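I have placed the structure first, in the form of structure tokens, so that the comments after it can refer back to it.
Every chain is named by a letter (A, B, C, D, E and F) in the order it is written, and numbering of its residues begins at 1.
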């Protein structure tokens, strides 16, 4: 099974960190390989930069020549997940929704630790949009931004650890989601100090995709995720335009 | 007051219809002018084409040289509304959210008539995302797509009229939202046959924006709509890149 | 356009303050004029006094001889809004619902600063009833009652400012609604110190009504806001009785 | 124990029917006696007439000279329940909320049969306001108004029976609430044909009140139902004004 | 009227305390008698022990030879309430749901004081399952477990009193539910210090059952609480097996 | 990896069908083996029989001597899932929750086809309890009971196919969950005729467990799923009593 990890930003180091985490959690016969965007921001930190990233992700996916059986969206806003799920014929999962699915299979309510106050609304909206809000116990913000945490991992660990412990004791959550692609892998370092499962979206996403691939559902021909009608999109990257002309048809 | 109407698709005729509707409902001292995307689809009919449209809308906005005091998003998925609201310093409203605001000021629960079964989920998600779901009485789908309705206005009117009457009698809604930018203006033709207000998002959006401009709020400096930090976005349209470098600063 | 501002209490000074605020925010061609109740309490501070106010407001409206195109309910419990919306043929908006509509067009979630712990449940019930609860980030109570705050504006400002800042930093709200008719106008004084929009219901209500008047919907003939059947109400004020005999018919 | 049944309309025959139903369901040592409004409509059929009724109910309660231990609000919109609960020191329950409480103790989800399409929104709003909406399986409207049903009991029974059976088979509800004070007592006639409990609010309300009286809670001194501060209300019925001057103090 | 109080644990002293509380609140002509489980834990403190208790409660009920008109479930997780409501023909109420019903008839939102952090999720899930969550203002945990509080009533009272006061002042609740069968009766001791009603589930449950018995609904023959088809259950207690063979038929 | 499939009923043929379905969907290195209850009903069809099944499942689990890494609950009410998740140290998933997780990763809203009107409330309550209700588009009941469908597979297929098509066209769902352990495997037969994914809980559950095992979370030491304190349960099966004495400790 081949999983395509698509990162929404242009950072090579974050892409490599996401890829390493995905590979670490994949089944033995799963190959994970990565694509990253060739344009946009190095770290996505706003709704507007996310719009650019979404388009760039579609371009990057369209440019992938190797075959793949599933797509893991490695940006914690779950950017473009719905669009890719519609446009492709393979399963697509976002790292944050994957974490929430797992969180709700290991406990009753979960907490979220996230970087940067600005992001709190983004994650809440994603959780509400997925329908997980009844299971959300609370959120804690650490640091001023994902980039700031990424730049200083030692302080970040301390902040994340404290926020995690506060969520457990004050909000009585049964598990914790650590949000933010830039923080990938840190969950392993804080888990020993936290009395409930600490959940990373990349690790969860790989597993969810392996399950979905094995379930082998047909591409929907009705509903809001049915293959869209072929469409002519002008003045866009020709490879992406070709994908819109032959939606859900170029994977095998 | 100058309102910029931004259409998410490339159709000149729909843009002109939206503009005419907006002008018809504007206050005497409000000037509405339009921008449309220079790339993408002629009619947006999928989540994936919407991703391209969102980016194209940002480009189109960045390219606008005339001053404006507010932005009306003239695509019924309310594409890019959150991103524009964040990136710009002027009020931004989407046509569908505007219609819902008005609907909930004239009655208890509202119905939605919309083109194309595929779109039902998109509108529902938008309504849920805005928090209006407790006020949604029901939805009725007419025709197979917005494009199909647009191509045959006479049949469309009959379908819309029947769906509207069904919603009133079966779901007991107090008002009706007619969704879909391609249907703009049709509400006036069916209103005489419908016993509750029939609501068009463009007409509502102009009014909401006039109110917001007059309220003259400062651009937020905290929260999820604060001016984002200046960001370098590589390999994108240079005019848009410049907007990301000077967010929320180029309106006056 | 002529907007009738109806205050639910008997205080001349609050009525004048509400009127001044409404006029300050009205479009140039909008005339706002006020009616106040001739019986009831000087400041409404309980559910039971609100019942008396609601009836008194209907009497006061029935007694208005000048024509008007819209009604702004200037009591922050939005007292009698539903009844007036049903009974009259012109748009009717309450100041608190108007503030919530605006709050949800400028940000994701909003906070509410309100006078008197007793009132917290009233505003929450109104917000739930309108369906805005998914967008409510939190509430903070200042002072012991609206009357107490009104009597000491300097201390009030300090309390309101602190509560507003706490809501922004602790609940991460994108905007703030300042509830309570007695506090009208104070939002302008605290706005400079608050990093998100501070929203006053009167200012918002005027704008919402101007929009609704321009939309020019027909009076519903179906649904729960259809013109009620003419009814004979005995032993009430004859002018009000006449309105019940000719509902939705005496405006033009 | 003495229960005061307060009817919100001026109809003597409905008042007597409500009283008979209440007495039929009361415990042996419970005395039920009735008060009705001296002004307003004979049957309340609109939100606006309800406003007049609410005030009239406060006047009627204030005029009651006999002692009582609890108040049963015998109008199916639960008019003035919150105000009376606040103003008095004895338990107050509305007939529709009482029916919902019972419905949710005998099954999972309940249906509502109600007279007149116009009323559907009123009952839904009451159910949402009480928080019972997650337990509401569906509603069916019978007839054009409560008055029409009241005038023709035989046809009404047939309509109610059919609607009840439809709710059970189509919405799979576990019980049925029969809403509308004018229909009081009809539930006994249709119960034999309906395979789930048919619930009447008056019968339920008497029981809920008997429970509350026995629980003997102190009048709250905090929260939104604390005794309101004594208030001067001008130009109202002097007996009611006296109640506002001495709230929660004149029952024993 | 005869009410069977069924305790889910094997503790004789708690059973006696529950029985005493129930009798104290019963109407003069109501006889309450108790059954307790003959197997399981002395105090239920986990979801898994609750599973054993549920089965043991069915056995205990099946073994009761005296007639009864209603069943009060005296374990605060409301264990087996749905199963008993289905299997028997008499009304069945759980102590926690009963407390919530009463709480929502005396105020707007209620708080919950409960023993042991572990239990917070259990009570929340029960409240959500009943649909009362919109009325839940907040929860406070006292002590490490119900057993710990039971063992040291003096400290417990202090902890409960403080938590109650905090809920009132911080969450502005209108009433308080004191959860946990082991704490039965303590509400009377803290009520004098708490300015809102303090609610005990046993006292409420008796009243709710008296109401339900008097309403005298027929056993449902449709819906999810209809008499289940007679079923053969092998290798279980023969008396319980007999009840499954003759469901809803052995009460009179 | 070894997955223990636990069936809640005593039917050998259903157990074998569930096991075959689980094995068909397992990864190559996953071994699935089954345990079934030694007492209770052959097919669980009521809330009360489910109580007996839950206890029997705990006994059956306690009696398993072979090691296992995860538990799949093969009864569509997800009976005892929470209790097992708490009591054991390995991941536990129910077949219906697993289906809902998958449904919400392949589309926006899902429909449920289920056997027997009585069961509709059970599944709805499970879906609400898991928090998936915002994603539920609708339910359709087929046949009178699971047993009836199981006895006549040909008619069942036709009923299920029709109900599935109705859900897709009328409720516009993006996927379908086929509920009911007795129907296991039928989804493969109807999938060719249905234009959206048809989801079976057993297939999904295996995949979810494989993911959870690989994530390798520590057993929680806080929250509502922490290892419960060792407890003495009297007069129960000694092997189960031993598990309560050494909770979460006998897996490796």
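The working rule: a contact is a pair of C-beta atoms (placed from the backbone, for glycine too) under 8 Å apart; a residue touches a chain by one contact, two chains touch by 3 or more.
Bear in mind the structure is a predicted one, so any value in this text is a computation, not a measurement.
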Shared chain contacts [chain B and chain E, defined touch]: A, C, D, F
Joint neighbours of chain D and chain C, given as chain labels: B, E
Contact-pair overlap exceeding half with B-D, pair selected from B-F, C-D or D-E: B-F
Shared interface numbering between chain F and chain E [over half = same, under half = different]: same
Centroid distance [mean C-alpha coordinates] between chain E and chain A, Å: 43
Chain C and chain F, separation of their C-alpha mean positions in angstrom: 52
Whole-Å gap between the CA centroids of chain A and chain B: 28
Two or more partner chains touched - positions in chain D: 85, 108, 117, 120-121, 125, 128, 134, 172, 174, 222-224, 226
Touch relationships between chains, expressed as pairs: A-B, A-C, A-E, A-F, B-C, B-D, B-F, C-D, C-E, D-E, D-F, E-F
Residues of chain E that touch chain D when the two form their complex: 25, 27-29, 85, 91, 93, 97, 101-102, 104-108, 130-135, 168-169, 172-175, 191, 195-197, 199, 203-204, 207-208, 210-212, 214-215, 217-218, 220-226
Residue numbers on chain E that touch chain C, as the complex places them: 108-109, 134, 172, 174
Touch list for chain B against partner chain F, complex: 117, 120-121, 124-125, 128, 141
Residues of chain C defined as touching chain D within the complex: 10, 38-42, 45-52, 54-55, 58, 80, 82-87, 117-122, 125, 128-129, 145, 222-224, 226, 228-229, 231-236, 240, 244, 247
